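Each chain carries a letter (A, B, C and D) given by its place in the written order, and its residues are counted from 1.
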Amino acid sequence: MFAALIILPLIGAFVTWLIPYDRLRPKVLSLFAFAHLAITIHMLTFTPPESAGGWFHLDALGKIVLLSTSILFLTCAIYSIGYLFYRRERSNRVICIGLLVCLSAASLVTITHHLGLMWVALETTTISMAPLIYFNRNARSIEATWKYLLICSVGVALALIGLYFLAYATIVAKVEPSLLLDDLIRDAGKLSSGWVHAAFVFLLVGFGTKMGLAPLHTWKPDAYGEAPGLVGALLSGGLVNLAFLALLRVYQLALATKEIAFFQNALIVMGLFSMVIAAIFMARQADFKRMLAYSSVEHVGIMAVALGLGGKAVFGALFHILANGLTKGVLFLSSGNIHRSYNSKSTDHVRGALRRLPWSGGLFLAGFIAITGSPPFAPFISEFTIISSAFIQGRMLIGAIFLISLTIIFIGMALTVLPMVMGEVPADSETTSYRDSIGTVGPPLVLLLMVFVLGIWIPAPLMALLSDAAALLEVHP
Amino acid sequence: MITLADQLLVLVLLINFISLGTSRLIFSIRSVAVQGVILGILPGLIHPFSWHLVAITIVIIAVKGFVIPQLLGRAVRSAEIKREVEPFLGFVPTLLLGAVFTALSFGFAGRLPMLPEHQNYMFVPASIATLMTGFLILTTRRKAISQVIGYLVLENGIFIFGLLLAEAMPIMVEAGALLDLLVGIFVMGIVINQISREFSSLDTSLLTSLKEE
Amino acid sequence: MYSALQGVLDPAIVALVASLVIGCAGIPGLFLRKPGPGQILAAVANILAAMAGIPASLQLLFNKTTTTYLLQWNLPFGPCELVIDPLSAFFLLPVFLVSAAGSLFAVGYWPAAEHRDTERGLTFFYGLLASSMAILLMARNGVFFIMVWEIMALSAYFLLVTEHEREEVRRAGIVYLIATHTGTAALFVYFSLLAAQTGSFMLPASGSLSALSPLASLIALAAFIGFGAKAGIMPLHVWLPSAHANAPSHVSAVMSGVMLKMGLYGIFRTLTFFYDPPLLWGGVLTVAGILSALLGIAFAVAQRDLKRLLACSSIENIGIITTGLGVALLGVSSHNNVLMYLGMAGALLHILNHSFFKPLLFLGSGAIIHAAGTREMNLMGGLGKGMPRTALLFLVGSVAICGIPPSNGFVSEFLLYLGFFSQLKANSLVYLVCLAPVLALVGGLAVIAFSKLYSSVFLGTPRSPGAAHPHEAGVAMLAPMAFFALLCLLVGVAPQLALRLVSPAVASFYPQSASSLLSSEYGDILGRLSLLGVLLLTTAVVVTLFWRWRLGKGTVSSASTWGCGYQRGTSRIQYGATSFSELAVSVFNGIMRQRIVRPTLTGLFPPVERCSDVPTETLLERIFAPFFALAGILFGFLHRLQHGLMHIYMLYIFATLFILMLWAH
Amino acid sequence: MMNSTITNCTIHILLALVMPPLLLGIIGKTKAKFAGRVGAPFLQPYHDIIRLLQKGSVFSTTTSWVFRAGPIVALATTAVAALLVPFGAHHSPISFNGDMILYAYLFALGRFFTMAAALDTGSSFEGMGSAREATFSCLAEPTLFFALITLSRLSGSYSLSGMLVNINLSVWIHTSAALLLLVGGMFIVLLAENCRIPFDDPNTHLELTMIHEVMVLDHSGPALGIIQYAAALKLFVLGAFFVHLALPYSTGNPLLDWGLFIISMLELAVVIGVVESVMARLRLIRIPQLLVAATILAAFSTLLVIR
């Protein structure tokens, strides 16, 4: 079962590599994505027992991330059929292979309990995404790729040394040396605080870089801005969650080793800082894809703060994994359509999208409303849970900063998004071949529907899953 | 045997300073290559002989010592750049900072508990010092190629620490090391050459069109 | 219908179903291919729902029953209760009334045939807005409340930007959206703090909290900001004028007639939680209220845009209501039942009245805009001849909103006056009586504003070719207006009935205050009022008859207006809207700001020049806009942190690592 | 007792119907005497009104029904107001708690329609007049209310009759300061509301300077007669309020009281006449200042009594 989840996409990658026709590849891609989702759902319903001596173990946390990733990936794959049709000018072999490899690695991250293996998988996702960012093959995209790759690699390298510290801590503590999460949690008490502290710092910075917490987020706007819409969707809706899952693992460990206070405070500080940075940079943003990148910075910040707050906020964080992922999908895919249609990402040129692209424009608008935490959409549930638990815990200052930056972000985003979608299309704007079609509008529409439904009604099984996951992250006295 | 390893580590530290101090790119590439070779030898010195070990050693020496330097060298030659002119921070200050960081890392290592058998060897301080050096290069040099060098030094630092764990969890260490190498090759081999094709130069100060106005 | 309902159905169910029906009214239209039927269907559904809902809520109001339903949702915010108590029932009345009238008006005002691309969305969101407001009144779970609240705010936004091709409309929309979202942020705090206080997201029961508890004042503050922003209490009113001016008229009617009241409802509801509100709260509300009233009407006097004037007068009326509420609260804190009763009754009655005459006026403005093709009053004039019915109905509205007898507006203000005066005998809070002259001043200004409005629109001669050939509004547009006009007169002539309508709501608020003694006493006084109203009408009739008799005796001829010897008078030299209010503005200069654009005339024969004065949004233009500009500049400066220099990015990472290391050890 | 109230009511109504024009006559006579002229007879205003009622009327082509409604509403409101205010020491026919507020607002209704009628003609002069009327009367409102507050505080009553009838010499002696301020303020309001000098000159014919007269320029025949009668009635009603405030003496005997009332009204007319003769019209820009001054006087009196 576990193997299928990993191998299947790899087979897919191999197949797409063999296929010579550009038109066929995206369909094959979606086929494999669909199979992957099927397996995922099967695994969610009938949880397989942990195998390979605890190396593979699909727990509630993994399930959530796996589910959101798989759904998002399928939608992006289907979207790619319509989207790549407009990018006929260049071969899509690389992008299809990269996507599938990334999918395989992503699944590996979610199902393994061995930190080392998880690290390897994470690194693989980083690398496999690089050529996708370079899809446009121009100076800007190579620069974006370069920054993405170097910064993320440095980050992941730091994470690696963090893991080494952890491992060494086990050796020093004379317990059976291992990087299996369960063993570590078991022996957590014995580990020497010096090494553990150092490990946490390096892991936080490392995974934080991959996740894009400020001030480690510097690669994000460039990468998201230059990558095609669907890659952006996967980066901000998928990879971010994987990195967050890695942080969750560390958090679990931190819970076990009574070092939790420091870790939580660090998370809160970095999270709030990310939100403030996002607020500052979203105002007066002239490039709507970069704006979405900062929105992603904001939301990793939200998740970090929630994790740091603990208690009921953790539930919010976990639900936000899903909510943020899906909503970001809507935003990036629809923004991709708008980009295609106007052939520009500049908010000065894009005007009256609702007139030119009623569907994509409407989706973009709805996505904006959803991502800024307005009901009746899913992000509201998570964000309100977090805010309220901040205030209920009596941590007014945190709540205040959180809320103020949310408001500023809303204003900044509104001032960027509303002029884009409303009004008349400027007479001098470039006309392109792009038209809204079911292929390019359907997938984000489906995502939006999910976001909406989750905003008013959480299915019981999902609810159970979320509360199980939250239980894993509670402080054990 | 292991004392020899210690002396080699001193050599590694020296090479750090060289790569910090020199402005000639080719030279610093070579020095990093040497560092790589030394690191390749180290496991052989501290672990009992095994074919597995031999294989690892060979791979590491091959990649760190020859493949990557070759790639970098070609990139440098194709872009026709000889030296790192006007670094973000001058060479002397960087050297001083390097010294400070090395000292700091010794202090830091001192405060951490060790296994008795590692107690009086300088694996930990050396690795952290190398790590810091890598960071120092990354933050003070403008040229893409020097940043790659910085990244390699960083990796070497991590690798040194990995030696401590090699017998505890060999697969882990090797996986990590090899994957880092992969990244290295990936970054150098493809991106660098793409860059030099796009910009006919490896100056990252050219790679600054993506920013907020 | 009434008694039949009692037997057959539970009124609460009826009200609930009715509000849901309104919400779904616009949906069929989205899928129908032909544009017309959807709108008609929506209107019919709305009206039927209102015809079911209003008796139901009346019944709930009079039976003083409280019905509770549990909505099954599995969101992690505790149980979701829907409760209809007399207070909710009272607020339900305007919701049903105005939304139904507006939807009928829309058929004539925004015909689907002419607005193919906007009508569907308009109808849909209109229904959504109305029903969300109705549901809001029943929501008792804080989170559910916020969700409905935000749906209401957003659908109002989408209605507002119906004509988003116009730059002005977009600006209004953005300002509104930012304002309402900020308010919602305050509500987040509010409900979180409530939850921190009570331990659950359920709204606390009436009188269950003490105002002395540490969080109480924070809660009250958050409520004041959050709900006050929606109600348009100064200084949180900045979004209101432009929003109401730029929405389609029947939407403005709902926004002003009902949506503002939702903010007030929130404040009312919040105050019910506390059994011992301190004097301070009442004081704050009173001061804020009277200031809103005075400044609001002062702004109104200066306006030259028909709908902006109406919007500003909404601020005034909200201010009056808030004053009443504050007075009632002072009564609670000082255990003075008379004050409590009069303040609360006045406030609630004025809520009802405002939801009669303000929609009437906004709908009328819609008809006017159709006829004259502009909102600029200086370009209108003489419309009364082309559209006499509209003119008559609009006159009723104008008289009513000035609070002049015999109209409903006077009744509620009358109760407030009684409240102020009632303190003269008591020795506490005597200075409260000084509000009376202020309210009188407000009344006087209102007379200026609305005589200006009415006369410059309907009277005299057309000031622009656009207004020259007005056409009377159709039945679909006239019927709702006539309905509201009748209500205004009815309440004006028979105020005691209205008081009976209000009393249960007051009782639900502070039971001890609504002693039957009080309500009967003031019922009698209002009875005298109605007597005098009848007397006034009869006198008028007598005088008219007398006059007609004399008219019959003498010869009746007609000539052009006496121009005092100057016979070349054109329509341009008659007093326009701006010139009418110019004197008042110059007297009240400082409160009302007008930017006067004066030309400088040079030479013996200067070229043709224009002089115009433009009313300004003091708060928005002097404070908020510069603040935002400043923030923008600051952020722009900080944007340099993202400079694209790789090695500095590396430095960020390194620094973070270093700092965390230091912090950890 | 019962029939005494009835007689009082009848007398009240009769006075309200008959007496008002006489005041105008007396004012005119006084001014004539000051000017050294013989002047028109006391009953001249009656003659004018009757003559006007017999004349035919001319309507401007631009006017609508609003124009015709103006005089009617003006008269009706004033007439109803006349039923609320007590004449002399006698209670008014109708009185209830809060009737003073109705009293104040009835004039607002009349004003609204008068202004509307004026603006209906589309003449710039009449527009001018109504703009001034609107502004000045709006400024006069607060004064009246401060007066009402003071009186109601002093008398402990919420109805016009109650508060005026309870003001007697003893109250005066105790709170003379407050009441003096009040009298000052109210006299100004009285002049302003009735468009007398120094605010307005009822018989000038220089349109640019007028307020009330210019508003009714276009009315003719019976309508004009009604307007003039209404104006006189308004003077009478406000005068009655003022007179009892200024000269609050009452003998126990009802008939004597009526006599006293009539005499004091005549005194008032004379006083107004004197003022009009010795004063000139203010410049328009000064008028608001005078009105605000009146407000301040009244406000002070209020402060004096409620502190």
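One rule holds in what follows: a contact is a pair of C-beta atoms (placed from the backbone, for glycine too) under 8 Å apart; a residue touches a chain by one contact, two chains touch by 3 or more.
Note that this is a predicted model, so its numbers are computed, not measured.
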| item | value |
| --- | --- |
| Highest C-beta pair count, chain pair | C-D |
| Distance-to-centre winner among chains (Cα means, whole assembly as reference) | C |
| Remotest chain, chain A as reference, centres from CA atoms | D |
| For chain A paired with chain D, centre-to-centre distance based on mean C-alpha positions, whole Å | 79 |
| Whole-Å gap between the CA centroids of chain C and chain D | 36 |
| Mean-CA-position distance for chain C and chain A (Å) | 44 |
| Averaged-CA centre spacing for the pair chain B and chain A, given as whole angstrom | 31 |
| Residues of chain A touching at least two other chains | 146-147, 150, 154, 194, 198, 221-222, 281 |
| Per-residue multi-chain contacts in chain C, two or more chains | 639, 641-642, 644, 646, 650, 665 |
| Those chain pairs that satisfy the touch definition | A-B, A-C, B-C, C-D |
| In the complex with chain D, residue positions of chain C that touch it | 381-382, 384-385, 388, 391, 395, 399, 402-405, 410, 414, 417-418, 421-422, 424-425, 430-431, 433-434, 436-438, 440-441, 443-445, 447-448, 450-452, 454-456, 458-461, 524-525, 528-529, 531-532, 535-536, 539-540, 543-544, 547, 550-551, 553-564, 569, 571, 573-575, 579-584, 587 |
| Residues of chain B defined as touching chain C within the complex | 88, 111, 135, 138-142, 144, 147, 150, 204-205, 207-213 |
| Touching residues on chain A, where the partner in the complex is chain C | 146-147, 150-151, 154-155, 158, 194, 197-198, 200-202, 204-205, 208-209, 215-216, 218-219, 221-222, 262, 266, 270, 277, 280-281, 283-284, 312, 315, 354, 369, 372, 374-376, 380-381, 384-385, 387-388, 390-392, 394, 399, 403, 406-407, 410-411, 414-415, 418-419, 422-424, 456-460, 463 |
| Complex contacts: residues of chain B adjacent to chain A | 111-115, 127, 131, 138, 144, 147, 151, 154-155, 157-158, 161-162, 164-165, 168-169, 171-173, 175-176, 179-180, 182-183, 186-187, 191, 194-195, 198-199, 204, 207-210, 212-213 |
| Residues of chain C that touch chain B when the two form their complex | 639-648, 650-651, 654, 665 |
